[in-house]
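Some structures are shown below for you to check.
Presented sequentially are two complexes of subunit A, the first with subunit B as partner and the second with subunit C.
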Partner chain A sequence: MLEYVAKRLLLTIPTVVTITLVVFLMLHAVPGDPAIIFAGDKNVTPEQLAVVRLEMGLDRPIMVQYIDYLSRILVLNLGRSLYSRIPVTHEIGNRVSSSAELAVAAFALASVLGILLGVVSALWRSSWVDVAAMSFAIVGVSMPIFWLASMLIFVFAIMLGWFPVTGAGGLNRLVLPALALGMISSATLARLVRSSVLEILSQPYVTTARSKGLREIVILTRHVLKNAFIPVITVMGLQFGTLLSGAVITETVFARPGLGKLLVDAILIKDFPVIQAVILIVSLIYVLMNLLVDVSYAFLDPRIRFD
Partner chain B sequence: MSRGMTRRRFLGAAGAGLGAAALSPFLRTLPRPEAVLAQSTDTLIYGMASPFDTLDVTTTTSSYVGRMGLHIVDPLVWSVKAGEYAPSLATSWTVSPDATAYTFTLREDVKFHDGTPLNAEAVKVTFDRIVDPATKAQTAFSFIGPYDRSEVLGTHQVRVRFKRPYAAFLNAASTPYLGIISPTALRRYGQDFGPVVFVSTGPFSIQSYQSGQEITLIRNINYNWASRVHKHNGPPYLQRLVFRIITEPSTRMATLETGETHFIEDVPPTDLERVKRNPRINVIEVPQAGSGWSVMFNQQRPPTNELAVRRAFQLTIDKEGLAKSVWSGVHKPACSPLTPNLFGFDPETCKKYPRNVDQARRVLDEAGWQMGPDGVRVKGGQKLQVNYYFRTENPKLREMTAFIQAQMKPVGVDVQLIGQAGPAYFQSVRTGLHHVQYWWDTGTDPGQMLRILYHSSNAGGGSNRNNYRNAEMDTLIDQIGAEGNPQKRRELLIKAQQKALDEQIMIFLTDPPSLFAHQRTVSDIWVDWGGLYPYFYDTRIAR
Partner chain C sequence: MPSSTHASALTEAPVAAPVHSRSAWRDALTRLRRSRGAWVGVAMLGLIVLAVLGAPLLTPKDPLAVVVEEGFLPPGPGHVFGTDILGRDMLTRMLYGGRLSLVTGIISVSFALVLGVPMGVVSGYYGGLADRLIMRLVDIMLTFPGILLALVIVAVLGPSLFNAMIAVGISASPTYARVVRATTLAARIEAYIEAARALGCSSPRIIVRHILPNTVAPLIVLGTLGVAGAMISAAALSFLGLGAQPPEPEWGALLSEGRSYLRVAWWMTAFPGFAIMVTVLAINLLGDGLRDALDPRLRT
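Showing the complex of A and B:
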């Protein structure tokens, strides 16, 4: 197992290097002169552009620039935002913890709710439980998140006064955003879990287990769920990345700082150092999630370790 | 190891991974001026509508920084009402007859938040920095006008010289954007001055700042140089003033209703009636100074280069209906490039070209635009089609455009809606792809407003997206900028407004009010006559 984990870990190195290369090349790939992008929208003289090029090292060979970029990443020097002139590491640092907090809470909620509903509706297939759970899932999948978020604010903050509307920090400020974000992903997950569990339930080894006289609960936990979870975990891994970086609407409605909002705002104003840094970090998180997903496969299905 | 990791250990490892991602190798404590600590009293939480670029009022592009920054700086003078000023950092001032030199005598007891005493040199440093191209100052740069240099006449006397007559400088000096900054702090913090620290002389100083989220100001306990415009002198009554950025209007409204904020800006017009009925909330509604929502016609591109086409819009659009249906009746129909509360506003502009749809049809007929079979007018094989560019970020713009499209259709004008997001939009209108686009601006100097809209130096990619170039108008605007005599200035302003209307360079749709709302427990909020700056120096919160 350890050997497998080490192997997977080593394999992430080329991925990470590729990511840094792509992020680095982004600036050179977009149409237009990078120096002009950095100089902003104002009219600049050729002399000013030359200064910008010199400052950014754009006059040097591209490989040298890349190595320079890598060495700056290693010491966490990601430059300054073109818009606010704040160091990018500081801009991101301000938001990473609040994004992570929201993503973890929403992920936990989505997982518990999604798995529970999925399993229950698969076990009691075609009963009223199934109909109710899957109706919830359909409503959840189709519900626009901004609407759900506004409704949660209206009911739980304005009418009942249980939770504050905005902000980050503190569990009570996390509840509503996590509910909004988590409920919608739980719906997707519930549908997936249901179909996956149903498929496993029809497998011959489940029949065998039953005929051996194993208790239902043991069959469910040891044989059904473990096997049904391989596709589910893949989706969960991807969803965590989305929850972390794609919570723009939730962050906007609840006025929470976050990576997703930072990225979208930066794209709207072409704030390149910020765009590059956020994409780099989000990609690294995806790499990490993929690694965890791969490791969990091996845990769930020993055959995978020996491939 | 047969089973490898147990489930618990697997989850533990996953948790540690997440923790590591959340952990903050990025968090870095930034240097900030010594926090002024005092006995804790009240904190006012302000729901701010927009994130902003920098803490430095002298370099920002954002009017939201101006609102916040007014608490951190002191202007040289306070504007009591249009054209009338009261002492602030400057105890007295004289203006040369040709309005090219302003001599200010400064208070001698003022200290910056870092303890540096305020003197004439600080004024010079501040102003010189604004015009230095390396500073990339924006709003302040336009306010400082034709600045030439500052002369330090004594420790507390400074003369500000301009290259051309600049009659509106006192107005500029009354805005937060020309607030005086600490030269010591500027040297000490270098690149971080503005992005993360800002040191000035105002009643509040910065305690903490999380960009895009929240900024906390703390009262300046040494503050003892309030202008007589305000109700008291000494430190502010509030202990802290927290500006929390809440961009979503309905969320901002909700925070006021739940009591999470004490005060919010930019109340959504659609919520106004409901808020007014709330017994715990008070609404402040002040007509906004500047130039209201208007339509700019690209004068370089056919068919909007034709006076007849532009006039047809003026005669057709029901401004009253637009104010009612799109802005819930909160806005007032507009007449002139200047809002009615600005100095020199010409009330005659409201009567000059009143709505008359039949006349609009006649004007187009006479100009040779014949009604085509599909209900769109044609001239020389060309359809009367105009491309209406607007930003999609603000849903109100789409509503206004759809309203105008529906009104122009029966007259035979085909209005194409072209909604674009920020960068694409600016690219389009700066290169002049549009026939029509919106404008809205705030400001208290009428001359500056006209310069932004009509001066040829702002055409071709700048703020004059009418791309209007007219030597006579340029001269008028320059004269207005130089004229110190109020009576003569008024005459020139009226002439310019009449000219703008006669040539139908733009259409003025609605004049918005500034809408603020606050908990009734909050008292003594000062708002300037232009509705631009709510100010909390005298403010108290009742328990």
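Showing the complex of A and C:
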């Protein structure tokens, strides 16, 4: 097990390096001179540009710049916002808890709702419960999150006045965003859980368990769910990624001061140090999540460890 | 010979009806016809396509015509879906905007196919270094979750509907590359490929004539579901202000405009979003039906 974890950990190193490379190259992929971006896209004299180039080290070979970028990441220096001049790490630090709160709440809701709907509809296959749950799921998969979020605001915040419309802080302001984000993810999950449980239910070992006279509840918990959850966990890991990007939209709709809103605002004003830093952080979180998923996967399914 | 005993066993078996030769495609079509979801999807999609194409027949109004004194009219006679702040008829804007939204989904998927299919075929057919490089690239693209890669690309290219389509297309391409690679790998070891090679077929000819046809079925399924996903992603980018720019009446952009007036004009947000949902739902129903009919292995 330990060996597997170590091997998997080693494999993430090239991934992390490529992420930093892509994020670094982003700036240079923008059509035009990166110095103009740093100068704020205004009318600048060539002399000013030369100063910016020198200050930002843009006059050096690109490899040197990249290595410099890497060494700055290692000491958590991600530069300053071009507009507010605040260090980016500072901005991110202020907002990360709001995003984490949303992601955790939505993830919990998505998991509970998705697993419940999936298991129930598989057990009562073709009954009205199944039809209702799967109709909910396909509508949920087709629903744009920004629309669901807007409609939740309209009904529960504006018409009924149960919750505040926007902002962050307190459980009150978390309910609607978490509901919007969690419901969309639960739809995908419900579909997967259903097909996974159905597949396990048709396995010979379930028939064996039944013929042994085990109670249905024992068969379900010990034989069916345990096996059905192996693919589900992978997808839950992937869903976390979907959740991260869904958070970008949800935070914008609810004007929650999180990482996603920071990113969208930065893209709109071309604040590249902020864009790069947020993309870097979010991708690294995603890589970390996938690592955790793979490790827990190996823990649940011994076959993977010995592959 | 084992095959002859097998054949005789077959002839001895009590087969009632004469066996007609049926192609895999006809089998799939039969399965598709039996899928109620696919029918509902096709019917809904057909109505939507007819409505957006026949927009000038359904509504005499101009989607961009400003009538300031008719601003913020709630849904009612004259304006079924109400009007926006400038008095523009929402139904008209949605019908014309639907053209943009549907085309956006299709073009995004086309970009993804144009990028992903060659990557997958080359990777699967030639293997070796090409395979490793391409799959490395695919892995890199997949390390950016969901819409994040599209956001990176839009950040680099700048906000516009066309750039949003490129961004959504590029970020969807790894999925196509992977599926095509897997199908190619499976097809490459078939006897008919070996036969073609023995007959002196060139590699490009083998790829085009014998490998690519294998990828058509999974690509139809993925592409259909992909249009639904691409429509949502592109609308999301427009909603964030990174795609279609006003006054383009793309559905995501309409919704984005409406959001500022949620308190006074809910219809500006409710109807465009509903239109996106119904269209995506129709495409998803069709896609699910196609998947069950064409490629049961893709079932999730």
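In this section, the second predicted complex is superposed on the first by the 291 of 307 C-alpha atoms of A that agree within 3 Å, B and C clash if a C-alpha of one lies under 4 Å from a C-alpha of the other, contacts with A are read in each partner's own complex, and residues count from 1 in each chain.
Definition applied: contacts are C-beta pairs under 8 Å (C-beta built on N, C-alpha and C of every residue); 3 or more make two chains touch, one makes a residue touch a chain.
Bear in mind the structure is a predicted one, so any value in this text is a computation, not a measurement.
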item	value
Clash or fit (per the criteria above) of subunit B with subunit C on subunit A	clash
First (subunit B), second (subunit C), both or neither touched by A:298	first
Touched partner set for A:248, first subunit B, second subunit C, both or neither	second
Which of subunit B and subunit C A:158 touches, first, second, both or neither	both
Subunit B versus subunit C as contact partner of A:150, first or second or both or neither	both
Which superposed partner A:234 touches (first subunit B, second subunit C, both, neither)	neither
Subunit B versus subunit C as contact partner of A:203, first or second or both or neither	neither
Touched partner set for A:65, first subunit B, second subunit C, both or neither	neither
First, second, both or neither for A:91, with subunit B first and subunit C second	first
Partner chain in contact with A:286 - subunit B first, subunit C second, else both or neither	second
Part of subunit C, among the options 97-105, 115-123 or 241-249, whose backbone runs into subunit B after overlay	241-249
Overlap of subunit C and subunit B interfaces on subunit A (superposed complexes)	150, 153-154, 158, 252-253, 268, 270
Subunit A residues touching subunit B - in the complex, by the definition given at the top	1-2, 41-42, 76, 80-81, 83-87, 89-97, 100-101, 104, 150, 153-154, 157-158, 161, 164-168, 252-255, 257, 261-262, 265, 268-270, 285, 288, 292, 295-296, 298-299, 305
Residue ranges of subunit A touching subunit C (in the complex, touch as defined)	15, 18-19, 22, 26, 29-31, 138-139, 141-148, 150-151, 153-154, 158, 191-192, 195, 238, 240-242, 244-246, 248-249, 252-253, 263-264, 267-268, 270, 272, 275, 279, 282-283, 286-287
Residues of subunit B that touch subunit A when the two form their complex	1, 4-5, 7, 10, 13-14, 17-18, 21-22, 24-28, 30, 51, 53-54, 136, 191, 194-196, 210-213, 244-248, 250-252, 254-255, 257-258, 260, 421-423, 426
Footprint of subunit A on subunit C - complex, ascending	139-140, 143-148, 151-152, 154-157, 159, 228, 232, 235-236, 239-242, 252, 255-256, 258-259, 262-263, 266, 269-270, 272-274, 276-277, 280-281, 284-285, 288, 299-300
